[in-house]
Amino acid sequence: MSANGAPPPADDARERICELCRLFYDKGWASGTGGGMSIKQGDTIYMAPSGVQKERIQPGEIFELDSQGAVVTGPSHLKLSQCAPLFMAAYTLRGAGAVLHSHSLNAMLATVLDESASEFRITCLEMIKGIKGHGYHDHLVVPIIENTAHECDLADDLTAAIKAYPKAAAVLVRRHGVYVWGDSWVQAKTQAECLDYLFEAAVRMKQLGIDWTKPPLVLGSDVAVMGGKKRKLENGEAAAAGVGVGVEQQVVSDRGMGG
Amino acid sequence: MSANGAPPPADDARERICELCRLFYDKGWASGTGGGMSIKQGDTIYMAPSGVQKERIQPGEIFELDSQGAVVTGPSHLKLSQCAPLFMAAYTLRGAGAVLHSHSLNAMLATVLDESASEFRITCLEMIKGIKGHGYHDHLVVPIIENTAHECDLADDLTAAIKAYPKAAAVLVRRHGVYVWGDSWVQAKTQAECLDYLFEAAVRMKQLGIDWTKPPLVLGSDVAVMGGKKRKLENGEAAAAGVGVGVEQQVVSDRGMGG
Amino acid sequence: MSANGAPPPADDARERICELCRLFYDKGWASGTGGGMSIKQGDTIYMAPSGVQKERIQPGEIFELDSQGAVVTGPSHLKLSQCAPLFMAAYTLRGAGAVLHSHSLNAMLATVLDESASEFRITCLEMIKGIKGHGYHDHLVVPIIENTAHECDLADDLTAAIKAYPKAAAVLVRRHGVYVWGDSWVQAKTQAECLDYLFEAAVRMKQLGIDWTKPPLVLGSDVAVMGGKKRKLENGEAAAAGVGVGVEQQVVSDRGMGG
Amino acid sequence: MSANGAPPPADDARERICELCRLFYDKGWASGTGGGMSIKQGDTIYMAPSGVQKERIQPGEIFELDSQGAVVTGPSHLKLSQCAPLFMAAYTLRGAGAVLHSHSLNAMLATVLDESASEFRITCLEMIKGIKGHGYHDHLVVPIIENTAHECDLADDLTAAIKAYPKAAAVLVRRHGVYVWGDSWVQAKTQAECLDYLFEAAVRMKQLGIDWTKPPLVLGSDVAVMGGKKRKLENGEAAAAGVGVGVEQQVVSDRGMGG
């Protein structure tokens, strides 16, 4: 498949979901029947079934829904994913082209670093640029909603979170996982990869005693000095640096990662 | 293979054991000849041989036992798995359709987090729903038995543990690993995946200073507040919340994970 | 290949080394040209070349040595592995059928847990049974030799360590890696897998504050009590238990792991 | 492909970039469109496109540049990697044959262990020998430059770092990743593997409370004592040992790793 993200022919959406579910299983995002994936192609939404081994789904087992979320066709012996109302929220409120749900341990742990927080927040990491509309110095904010006994009961909170965080490309669910969407399956997947990296980075930085929620106490490249000389800022400068490049700063021109 | 868990034809059980042993090896559950797998098809029990590289087993090397555990056929140059009496305990006492044994480091570490505990206990994680009969707010309890010099000597304790914990789908063996069963190979495998996630979660939460044995000190989604507002409970409320959703609470309707 | 460890035909040794080097690369034991593998077939010793990407070695690039370590044939454009004298030590002093060298980070870290120790020591883990001649309650002891600027200069210390530790199946090299041997490639590989698990277990137990060098402070299965009752030993009993099942105890009948 | 590092035919460079990008993706170095790869063949430089899934690049999507960095041919629907000026710095200043860029979490974390440091420094690990011109006792030094909002703005600092550290085979970018080069794609890849190991080693040694920047407080093999006897140096000796084998010591004959 081409790297340029051109949409696959409509009849490829089923194959793509199966392929990506295998990939997500290998990443540990979809073990034990957890996780899931949906792609919108034209007005048709393709969605994985519920409660099955995601890595072994076959194209013929994918459900087809119309743009309102009503099932058009689907295998009679399977149930539609319980994530369906959650996936629909991203399609309806964000015009998403694809939505995925991951049970990654990194995502789960990111929600327990501070159990009283209703947001996951991180800044000054290159991978933040992989999330649409974000630059390196921005604070990436992902809302966290509380988990419920039944997955369908998450829909109201997820909807509220999507509305309350218009820049967010994802919603975390406490002690559960994350929902991520994008304009296409490519963007949903790559944003999910960047987010998973950021969740893991936060967990590992916590273990190393580093605060992942604030800019580092050194200035950016404009004051970088090469050749082994150390740069230590005075406390006053450091605080100013933190403020200056810090909270909710937006980049005007977002060029993403160009590696 | 279909995602819907329909049982494979009887002549597929040998192939399935070989495939799953390769998978478990890749997961680190069956390195160094450790671990193993057994499937029951009708009245016939298929079981891997002992002391061999599990990822390289061939279908012709699988033993066939009758429902009482007596060997019907098997390769003359190999020995039956020493796990046989342990696998039989799950078949006999639980009517299992498949049993697996994992040497996962996560399972081993879960048994040393508290060496004086005879149970592994965890609550309020979505993956708990992947274990039959359990909901998100339940306390998942897996009995831990002490290891013995010889694997066959575990049988009495394993049997006692299976009887003492009727809700358990698994028994941990201290500093050794875990036995997991299910109604089918699909359920045995997916439950093993959920358990391994939970064992790893406990170990990593311990390293992050988070108590995995108790509900978090915040209420559920009914009091969730979106939009960046923090929710901090008074100590009294928090304690009440812990009690209210806590110890041994059962969900009436268990719908499992529907991602 | 059969799981029963029957030796492959002589003309398979070259293929086997290539296959195992790919496997070891995937495990992280042979990245960056590090690590290596040798197999003895009859009186001929097959050995990988030096300083090349181990996962991309082709059968035609394997050197052939006689039983004294003299090169019989080999590709003119490559150098023999610098591990050659080290591999020969295991062939000569232990009658090994295969020797491998791993740069696993787990092995390296196991040598720095105590930089003043000349032994790695661990006890009461099931995977110890995967090392020939060892039971669950034994103390597995792997000598650690100091690293040198040039790999060939390790030979004297390695030889001394092999002689000084007749039960050892491996020698660790400080801040470097491990040499592991066995009667066959199967045993060398499975023992290397068990050892890597044990090295990782020690590192992770250290991070969890658990002493991996001593038996746990609870007695074995003969006093195990099921059903949630806690077992806590008095200090006196615990100490006695530690002594009783502890230092250098040998199992008479070693049946290995039978999972 | 042969293990001996012979350069592939010119028409293989495109295939090689695609293959290595898949490999780097599997290693976690190129997730979420991050990372990248370039190879020089004769006077032609081959470079991956920008902002695409690196593991899915096709040979026809690779850009061709002349030796001055001007695009000769490339797919009209894609943009050249934003790493281009950075890759060119290594080609121009070091005569590199290949350059790669990794977003490995290990590399990122290595830059935050000390946010005020402008160098990553490690010593006395075997894998240091995998970096050209370095021996076991050397201090491997990798300059760290500060990250910028846009990748192209790193070029000046990267150029300055390459000039200031003539022995370095890589430059780290704070909270971002690492650029690594070599005389060939083989050397760029194997050096990147060795560096990633060293970054991970530093992070894990920090978590274990071990100083990765200084030689260990024991002497080398010339004073190694086998057979279980402990070696503890007097403080004076230890300090002397640290100095003697320590800072910026060079090996005259660098034979690399010969495993």
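For the reader, a short list of remarks on this structure follows.
Chains here go by letter, A, B, C and D, matching the order in which they are written, and residues are numbered from 1 within each.
Assume contacts are C-beta pairs under 8 Å (C-beta built on N, C-alpha and C of every residue); 3 or more make two chains touch, one makes a residue touch a chain.
These numbers were taken from a predicted model, which means no experiment stands behind them.
Each step here moves to a touching chain, and the least such steps from chain B to chain D number 2.
Of all residue numbers seen at the chain A-chain B contact, under half occur in both copies; the interface is built from largely non-matching residues. Centre-to-centre separation of chain C and chain D, using mean CA positions: 29 Å.
The mean-CA centres of chain A and chain C are about 41 angstrom from one another, to the nearest whole unit. In chain B, the residues that touch at least two other chains are 207.
Contact between chains, using the touch rule, shows up for A-B, A-D, B-C, C-D.
Listing the residues of chain B that touch chain C in their complex gives 30-36, 49-54, 56-58, 61, 75, 77-79, 81-83, 101, 103, 105, 108-109, 112-113, 115-119, 143, 145-154, 157, 160-161, 164, 173-177, 203, 206-207. The touching residues of chain C, counted against chain B in their complex, run 1-6, 124-127, 130, 135-137, 186, 189-191, 193-194, 196-197, 200-201, 204-205, 207-208, 210, 216-221, 223-232, 251, 255-259.
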